[in-house]
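In what follows, chain A forms one complex with chain B and a second complex with chain C.
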Partner chain A sequence: MIAIEQGAQQVAQGYAVHQIYQIYRILPEVVLTITGVLIMLIEPLLPSRASRKPLGGLAIVGTLAALIASLWQMSLPAGTAYHGEVRTDAFSVFFHVLILGIVLVTLLTAVDVFLPETENTAEFYALVVFGAVGMCLMTSAVELLLVFISLEISSISTYILAGFRRHTGKSTEAALKYFLLGSFATAFFLFGIALLFGSTGTTTFAGIAAGLPGTATPAFAVIAVAMILVGLGFKVSAAPFHVWTPDVYEGAPSPVVGLMSTAPKAAAFAVLLRIAFEVCPSLHVRWMPLIWLLAAISMTVGNLGALRQQNVKRMLAYSSIAHAGYLLVAFTALSREGIAAAIFYTAAYAVTNVGIFAVVSHYGGYEEKLLSIADYRGMARHFPVLGGALAFFLLSLIGIPFTAGFFGKFYVFSASLSAGVLWLSILGLVNSGIASFYYLRLVTAVYSQPASEAPAVRRPGWALQLALLLTVTATLVLGIFPGRTLAMARAGAATYAPSSAITGSLKAAGGVSGAPLPVTPLHAAGQ
Partner chain B sequence: MILLWLIVVLVGGGLLAWLAARIHPLLCRWISLAAVLVDLALALFEASRHLSSGNAGMNTWFEQVDWSWIPQFGIHFHLALDGLSLLLVLLTLVLGVVSVVISWSAHIKALGFYHLNLLWILAGILGVFLSLDLFLFYFSWELMLIPMYFLIAIWGGERRTYAAVKFFLFTQLSGLLMLIAILALYFAHYHATGVYTFQYTALLGTPLSPHTAMWIMLGFFIAFAVKLPMFPFHTWLPDACAEASTATNVILAGLLATTAGYGMIRFLFPLFPGAFRAFAPVAMTLAVITILYGAILAFSQTNLMRLLAYASISHLGFVLLGIFSGSGIALQGAVMTLIAHGISTSALFIVAGSIEDRTHTREIGVMGGLWDTVPRLSGAGLFFALASLGLPGLGDFVGEFLILLGTYRAHTAMTVVAACGVLAATFYALRFVQRAFQGPNLRPWRLPDLALREGLTLGAMMVVLLWLGLYPQPVFHTFAQAANHLPALWR
Partner chain C sequence: MTVPLAYYLVLSAVLFSIGVAAFLIRRNIITVFLAIELMLNAVNLAFVTFAHQWRIVNGQIFVFFVMVVAAAEAAVGLAIIITIFRARNTLNIDQVDLMKL
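After this line comes the complex of A and B, so read on.
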């Protein structure tokens, strides 16, 4: 590889010492890795009867440290390290903070859900932390092989986590299904990388972006992008690559579903954004219709599928497919504003969904008993805080004012409308209207008369209370005062250089919104 | 600042009442009542300050609050009050007091949450009437949905879930169309001027091609038409009214329709004058259909609540007709009808609710001869039924008369057909009075008559209707002071 040759040259020039210095560019990942290794090392030393909760605490502390490290990275000037393999900038920091926040809530939920007798909880914490390493690295990698490796780190730990309750058939089934289909999708992704390398001779983002317009084999490049789209489409559960989602979400433990419906998705969307707008903006004529189609199908399939579900986790699985569709709508804007909208929406959806799964995890308990919508009848009566939080998160998924979901939808559809993507926006908004039906079913159940006496659900402990506090606050803040997060999302979008190969497709964004591409402007679109 | 306090008091009062319900139910009720009364006092203070002061007839905003909210999008937290919003704010708060008072003695499950929803929906409605930033307007518009959904879904009758979801889906879908329209206008304004803003006053003069203007206006119109509700988007209202409790019905029929009428007056014509005129014949036709359709269906209902809902739809058709007639007189009539209809329909729902509380039925066929046993309640029913059918001397008459008068000049044929609606109103209103209150008391019903609290509430509403009917000048005078010469746009 060219990168390796360059590396060899740099070593020869005495850059080796400097490279150790560059560790600050991957500091959060390093902190997380150390945390994970520590957990693995300490676990065998503990007496077998001892509670593993302190290890959960260690994981939480490690995640917090990584969070602080990523926030510290924000103060650094943007830049690459390790021969252009990783880059920290506003974009990567935004996703780091988001992913680490999600991991934090997941760990808190897990600490709350696990019973004293639950086996292998230490492995659980370690796997979550290792998964977080992969997801974080995905968002700062700017070289395709590193993207692939970090994708695998994150996927493999999620495969194992999905089968965590290995004594139940469903959980094992979920893990197996996720693993088989996931490896298949990863193979597509890898094949795409190979083809891109074949047509440009490099695997760095900048190199490919520079090489693509003049490639001798444009057909390969197009096929490569399509394959990468398949691979990432699977990871973000966009239809038609969504088939695994309901089964895996139903079978996997709820805290894990909370994690894998948000964090790996956010990371995959980050990669997709980078590949679409940084690696192959010159091919946007080719991938734009594909994304358009993915968005339209995902929204429709997700929402129609969710309408008839009786199992809450399956319903939320379909809902996550639909939300992937809304997010893809922002891609079609082909503007910096669209990128910022996609980044913001990822955050808005993630904080809401991880909150929902915190409630679902606690309500179902480790045994995952209460999962049908009927089981949620009268929840608000028996558990006002849990019920209220669940209803609030569901309203956020509908997109009601005062919630993150409202502003996320507003931003996505305003970006796509400003770019003149009229029909997809209308389809999206109609879809989100339909979606309110199934979310309301659950809200109605939560607030209806209880059918029987209170189910045996423990009182929420400190961990869950903290998790709910974090997610509810985040959802409220993103809904009422989105200014700060918006500015961060904007800063992330601004890392997409308006120069070089992107000039052809992305105009420099001036003022509030990215100027739309020469797509039909709004006035003409209605005619 | 008072404008902000109007909303803050209701939101805060709702939270307090919710918490207080755990201490004592009575405390919760008193806090709610106090919150609405304080708000009403604030609004009356505003009214007295601005209507008596020297700036009468200046056609500017009485008062404004304007803060930057989300600067990246040019979104402002912009509240403003003018003659039109003042009238409707007063109506909202009066009906707010009424709805708190009539929920007083009823046994209500989850009392705290009920009052929270009640006060928050009032806050949302005030937000709609006061917002001058289109984003804030949409925000408030959506905010009305959730409390109303809960009010129907939790405290409704047997089929409450169905009714609540139907209400939610209708309004949510139409609201999303309005969101598209708002965004389209926002970007059209940007393309024309290079400025991103949701400010109403800035968007007023946006140059739009007729085609674009028509599409954007339709987006707004459908949202308002569903909320009004107009034929063929009306089907959610009878279902909702048939299931909702009395206080909910007061807000549902009395206030939500008013927000729709307000939206049409404030936004449709001023923002899209050309498209508005081009669309007027269609809207007026739909209005006439709504009037007759509502009247005919009201006549054939056996469920009292559904009857009142269809009657309300029929009356709101007049509002639509008046707004789209393009005549200044008819517009004044439309505003008058919004207010008078809000009072009289709410009162009828209260009477119907009182009957239901006593007889435990909503079927008109089962009633009969109630006059013998509850003369005061029956008398009130007769009074409001007469008001609703347009008896001269009461508020509704003034409104509908002015609408017909104004529309006559614009479109004679439509006026003639619409006038038949007034005639039909006589039939269904008198049929209700005859079937429910008169005739032999076969059952025989032995019921308690109006309590003092109910009597006072209904009595106050009678006084307001009489006042509106005999001396409507203050309403017209206040409306004439709407900002930006709004009334003058309708010649």
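After this line comes the complex of A and C, so read on.
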């Protein structure tokens, strides 16, 4: 009797599962792919002299449709599709919305910046959209093969985008450095995947998480986690894997920098969170010291490096290294709160930084002329809206209240303090103090007396005004009403971090007593 | 006589290390790019070995995808190298230094 009831239940469940077509789980990616292919197909049909702006509009409409599709995914019950390759849940939807929002602002900025005579703009829009497919897939992938492929889809698109101004020496050099070091890091990431596969015999996240504690070759697993940290550390430009960042950010076109300093990083952090807390929570004693090290070095190197920069894009590159460090501090909390803080910080940093680069892109123009801090003197006098927006975003990066950056830092440091990692929190706060120096230097330049006549900068068009409106609103909303976004971040963290499991293993390691986790020497891994 | 699986893993690690060393030491951009390909193929060897050890075909399928991605990367990478050569007339990585570190 019971068996029959169970059977009936299974049939009912099976029926319910089949009602959700698998393709619904990757609907945003499908919409983006169709958009990109359409752009590539329409482009050759247009007369060669015709403006490519309508194709930019098509990309924007496609991204908006994908955004709506991922919001609609929230109405689906959380679950996997395609033999456990992708999973849609609160976590994936949060990052989808964030990444698609960034892509939207990037496209708006690009439509504003590109000149009528700029070559290959249609390819630019298509590549941004294709890259977005990879970044979105990274956040919903729960299988290492898909993680690898989506990482490459996003990386290869950004390699090309970095060299978009291909007749200039700097842009091609940026593309070369990004490509060589990016592929180098990918090889490390891939070796890590191979070793995880070797130690557990599976590539699904759930299978590895189940197999790791009892693996016959724990040494492989430890090396695997270290190599995956190297690969992802490069993608999020955490020191000491940051050397490419200043050069690539300086050489690549500004709208592209706005994209690649935020969206692929958010996606890589999503993968890192899932690998750390869903795949390898049993190894946290091993990866935690590495994360401490990465966080401490990134904050210090980033902020000290930024102090001596005169080029605004280089300064922002070092600032992005430092922010990767702050974000890694949240990992040390080893709790759902810490994960939620990391997710929130990703969003807070991304909306602010993409806004900054919208301003920098417009001010420098397609030729990227006005880039040194001296060029920004008196910007607010000549262009009050641009200057005001730039100052506002910089204040958010410092972490002034009523901006997104404040709550981002607040949640990160309160999470790490509650975990008892005092020295890292203090180092982070000292670093925030150092950081305010170079951010304020740019703010004072923007608001100081102009040295000369107004530079030849166009009035912002509708696209840039819309991009600024979106980013300023998002930064303000995250800074004044963070509760809703934090609740969504918590829901995202809850999808794969059952708090009892983590705190349970934390207690076993003695971390709850307030002392930092014990640093076990690596050779003990073989036991 | 069969070769123990550990030998394949050692070979894979050695190939990977040669790739890393060549990436760091060599100055010609094409050679540096070849070093990356060597690293990817070392990973492929590890995947095949583990697939054989676990008697699971997943690892071998992974290799096909790595090869596809490596081909895509080669297409993009060589295109970037060509633009560098056109812009700078050199393939020496030390002379591609418009931006100071």
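Rule of thumb we're sticking to: the second predicted complex is superposed on the first by the 477 of 527 C-alpha atoms of A that agree within 3 Å, B and C clash if a C-alpha of one lies under 4 Å from a C-alpha of the other, contacts with A are read in each partner's own complex, and residues count from 1 in each chain.
The working rule: a residue touches a chain if its C-beta (ideal position, glycine included) is under 8 Å from a C-beta of that chain, and two chains touch if they have at least 3 such contacts.
This is a predicted model, so every value here is computed, not measured.
Applying the stated contact rule after C-alpha superposition, one finds that A:243 touches chain C and leaves chain B untouched.
In the superposition on chain A, A:41 contacts neither chain B nor chain C. After overlaying the two complexes on the shared chain, residue contacts for A:307 are found with neither chain B nor chain C. When both complexes are overlaid on chain A, the residue A:202 reaches chain C alone and has no touch with chain B.
Contacts of A:148 after superposition on the shared chain: chain C is touched, whereas chain B is not.
By the touch criterion stated above, A:184 is placed in contact with chain C alone, chain B being left untouched. Overlap of the chain B and chain C interfaces on chain A comprises no residues.
Of all residues in chain A, those touching chain B in their complex are 381, 395, 398, 400-402, 406, 410, 413-414, 417-418, 425-426, 429-430, 432-433, 436-437, 440-441, 444, 447-448, 481-483, 486-487, 490, 511-513, 521-523, 526-527. Of all residues in chain A, those touching chain C in their complex are 145, 148-149, 152, 156, 159-160, 163, 166-170, 172-177, 179-180, 183-184, 187, 190-191, 193-195, 197-198, 201-203, 243, 246-247, 250-251. Every residue of chain B that touches chain A in the complex is listed here, in rising order: 70-74, 110, 139-140, 142-143, 145-146, 149-150, 153-154, 161, 164-165, 168-169, 172-173, 176-177, 179-180, 183-184, 186-188, 190-191, 194, 196, 208-209, 211-212, 215.
On the side of chain C, the complex with chain A involves touching residues 9, 16, 19, 23, 29, 32-33, 36, 39-40, 42-43, 46-47, 49-50, 53-54, 56, 58-59, 61-62, 65-66, 69, 72-73, 76-77, 79-81, 83-84, 87-88, 96, 98-99, 101.
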